[in-house]
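What follows is a structure written as structure tokens; I'll ask about it next.
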């Protein structure tokens, strides 16, 4: 039927947005073994910064095409300012501590960031949609889509491939994998594990901020965005098998498609789809799609 | 020493609402949250963090609502007992699945189940009143009708007595072999199995107990507030219960109640005096407790009263 | 621990000496409940701003009966129990005379029985669920505003008059009682006015949805004549931007029930049917004819950087209703009116607001006219304004006292829509 094509396009577009929420969370968990609730804050801060810089650029009369580098620069800025700082002041002290404690420390940070954002940016929604406008629209299967939606799908693929290349084929990636495999042995081999953690956390912050920034051209940013992002990010990361980038990508596609199918055929069930998928996946595969059981201590 | 401390805390608890009537509501809320957080704390002893106990908390409140409106059970005692029974039973069913999971995946599966339940509460309009929630009327006691004010006194003072009673039972449970096995699950599960202890059974008992406690807290909440809506099942409430448990300290039975007390007091005053930054204040308070008071606030109170040589 | 006790004592010092009911107090305490954080603050903050400003203006003019108002603001975003707890705390403080609560219908439903129990007058400023007074009497609760039934019937009536041939309707409302109730009322009225109407898509995205792109595809695929929505806040702005970029506004007649609240923030195309859930538009002919309104609007604009959207007008009008009730009570009683006297005064209250009139009926519900129109370009402002306006008289579109509102909708006929004032008649 001709509904198949819109369904697929919508599904992938939704999946790309979801993927950008979950990928940084997944990366941080895979390296630091910390489930970072404050990830949602970095997501919304990235969005706020991107909108602010984009708004300045627009009022200064710069070309709308500059919106794209601005989105990237905003994310990098947030990562550079917050990543090493938050890791060194708070996250570092939770390594190896019980999960409940890690979640609470990052949850406390999340609460603090929520109010700080409100104090700085107010409570009304902020927008900067130059990037969406300049790209225009395309008609696929009788329905008009934003070219920006299609760009996001492509960008999500680029991020998956780049992260894979980073992990498998660069010196940094090998250092990270070594530290993940065995922190103690890596340190005795002369690897500066602290630095690796700091870098990995900062990359995680960058990915979160990038996700937030990339969402702004179509969706803007308003209070509550971070809270919304974090719980969805948790669900997707868990479905993928925590710490698996490819798993997060596949999980995002499944969740995205399931929501789209729900909207088309049973709209009442749309809000519950991520959790329903998580429930089913975890009941069938207790460690997520790509996850494996960790060795049990004796 | 410890008994004296507890009695002092209880006296404080009784004295303040007499002086400031609005605190009666806040203090009853503390007891209600304390029960639920105690349930979460029982699981935390085994290293299991549930971001889904708002399910049982709201289930307790909705059970009371259903009993009084749908089933015509108006007696306070029956309503509380019914809420505990229903949430324990649901805890048993869900627990059968949960005991296979550890760590993050336990947390996530609880989150998933509770969010599905949250959606059902909003969607099943005929049964739950949808997102605006449902009213809970004033119950009767032993066949006599009581005034709203009387109910509030019963919930506060009766709740305090109940907290002591239930607290004692949970204390005994935690000191029993089934309870002592919980911390051992976290430190070394396999060793427990070698010792011939059935870990799933240990965890299932803990899960059912925690669900029942959360249901009891939720029932009190429903009776106190007189209204329940699906937001009570939302994941942020679950997060708050974990927060309360860790804030107070999961080492003993009193900790979660102390945690609930401090959270409610901080919240009440932050909302009055700093209504723009109360999230920030709670977050900062939480960080202070985590980094400087590893045994929670109750640990602090205990330490302050135990001068001199330790045991 | 003593420090805590001291803080508590200081914090509650106000309560220590309750004024005797008959003495003239130094100030009138007023608890004001609205959202000042979280997603709903987009709607709640204009309300708070308006409260701040109108109270300042009332106090400058000598207060109420010579007594200034002292507001205490409560953030509804802290959740049901926090709101209830604050309500109780304020009710226990005898210097508080009245509560203006609340924005959220859920909170109103939770607070109403408590207002009755504690015998403190509660005046709702926004919550418009028709369920509030349905089946339960609340002696201390008053709503000097309209409810969902007249509000959404008015859109159906306007549509029936303006586009009588539109039969395929798509609905996209937020996924909570407000959205579902509105869908039911709008659909019911549309079908009553034109039996050929069919709903081709009905979507309820949850509050706080950032991307409506799938919903937009789904609606586009259904080829509706009319798209009705009561989304609001950031959700509405997101939907408008995405839907407009994807051509939805060109292919269908769009009805945005809360559209006025985003006129200054997002570029709405011309010809979108919008309204204000009542008569609270700052630019309406009635408002512009009122010097006090003009003064309020320019002061608001100066302080908050935008014109007062309709939630702001609702709040200001509600506080004026409280003022009118106090003045009525002062006249009726010997000394200073207590809470019970104020309650008496609300029954049958009638007053001129900034944007029209309001009558509090015997069932405590308000009678407020309904203003609907379409967006048109403005010579004066750089954002669109409302044109082709109609002002439906409150008594014509509001179900009579004691009648089940949903059953009443079922009795409506095509003649009903024809009997109402025509679009463009309000100038």
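Note that the chains are named A, B and C in the order they appear, and that numbering of residues resets to 1 at the start of each chain.
Throughout what follows, a residue touches a chain if its C-beta (ideal position, glycine included) is under 8 Å from a C-beta of that chain, and two chains touch if they have at least 3 such contacts.
By chain, with names taken from UniProt: B = ABC-type transport system permease protein II; C = ABC-type transport system.
Keep in mind that this is a model prediction, so the values were computed, not measured.
Participant: Connecting every touching chain pair, does the picture come out as line, ring, star, complete or other?
Facilitator: Drawn as a graph, the chains make a fully connected set, so complete.
Participant: So which chain is farthest from chain A, going by the mean of the CA atoms in each chain?
Facilitator: The chain lying farthest from chain A is C.
Participant: Chain A to chain B: how many Å between their CA centres?
Facilitator: A distance of 33 Å separates the two centres.
Participant: Give, as an integer number of Å, the spacing between the C-alpha centres of chain C (ABC-type transport system) and chain B.
Facilitator: One centre to the other, that is 36 Å.
Participant: Could you check chain B for residues that touch two or more other chains and list them?
Facilitator: In chain B, the residues touching two or more other chains are 276, 278-279.
Participant: Residues of chain C (ABC-type transport system) that contact two or more other chains, please.
Facilitator: In chain C (ABC-type transport system), the residues touching two or more other chains are 36-37, 175.
Participant: Quick check: what residues of chain A touch more than one other chain, meaning two or more?
Facilitator: 114-115, 118, 268, 271
Participant: What residues on chain A touch chain B, complex-wise?
Facilitator: Listed in rising order, the residues are 29, 35, 90, 93, 98-101, 103-105, 107-112, 114-116, 118-119, 227, 231, 234-235, 238, 242, 268-269, 271-272, 275-276, 278-279, 282-283, 286-288, 296-298.
Participant: Mind pulling up the chain B residues that touch chain C (ABC-type transport system) in the complex?
Facilitator: Result: residues 12, 16, 20-23, 25-26, 29, 122, 125, 130-133, 135, 148-149, 221, 225-227, 229, 231-232, 237, 264-265, 267-269, 271-273, 275-276, 278-279 of chain B touch chain C (ABC-type transport system).
Participant: Note which residues of chain C (ABC-type transport system) are touching chain A in the complex, please.
Facilitator: It is residues 36-39, 41-42, 44-45, 175, 202-206, 208, 210-211, 213-215, 217-218, 220-221, 233-234, 237-238, 241-242, 245-247, 265-266 of chain C (ABC-type transport system) that touch chain A.
Participant: Using the touch rule from the top, collect the residues of chain B that touch chain A in their complex.
Facilitator: Going by the criterion above, the answer is residues 44, 47, 49, 51, 97, 100-101, 103-105, 107-109, 111-113, 115-116, 119, 123, 186, 188-191, 235-236, 239, 242-243, 246, 276-280, 282-284, 286-287, 290-291.
Participant: What residues of chain C (ABC-type transport system) sit close enough to touch chain B in their complex?
Facilitator: Interface residues on chain C (ABC-type transport system), with respect to chain B: 1, 4, 7-8, 11-12, 15, 36-37, 73-75, 78-82, 84-86, 88-89, 91-92, 105-106, 109-110, 113-114, 117, 129, 131, 136, 175-177, 180.
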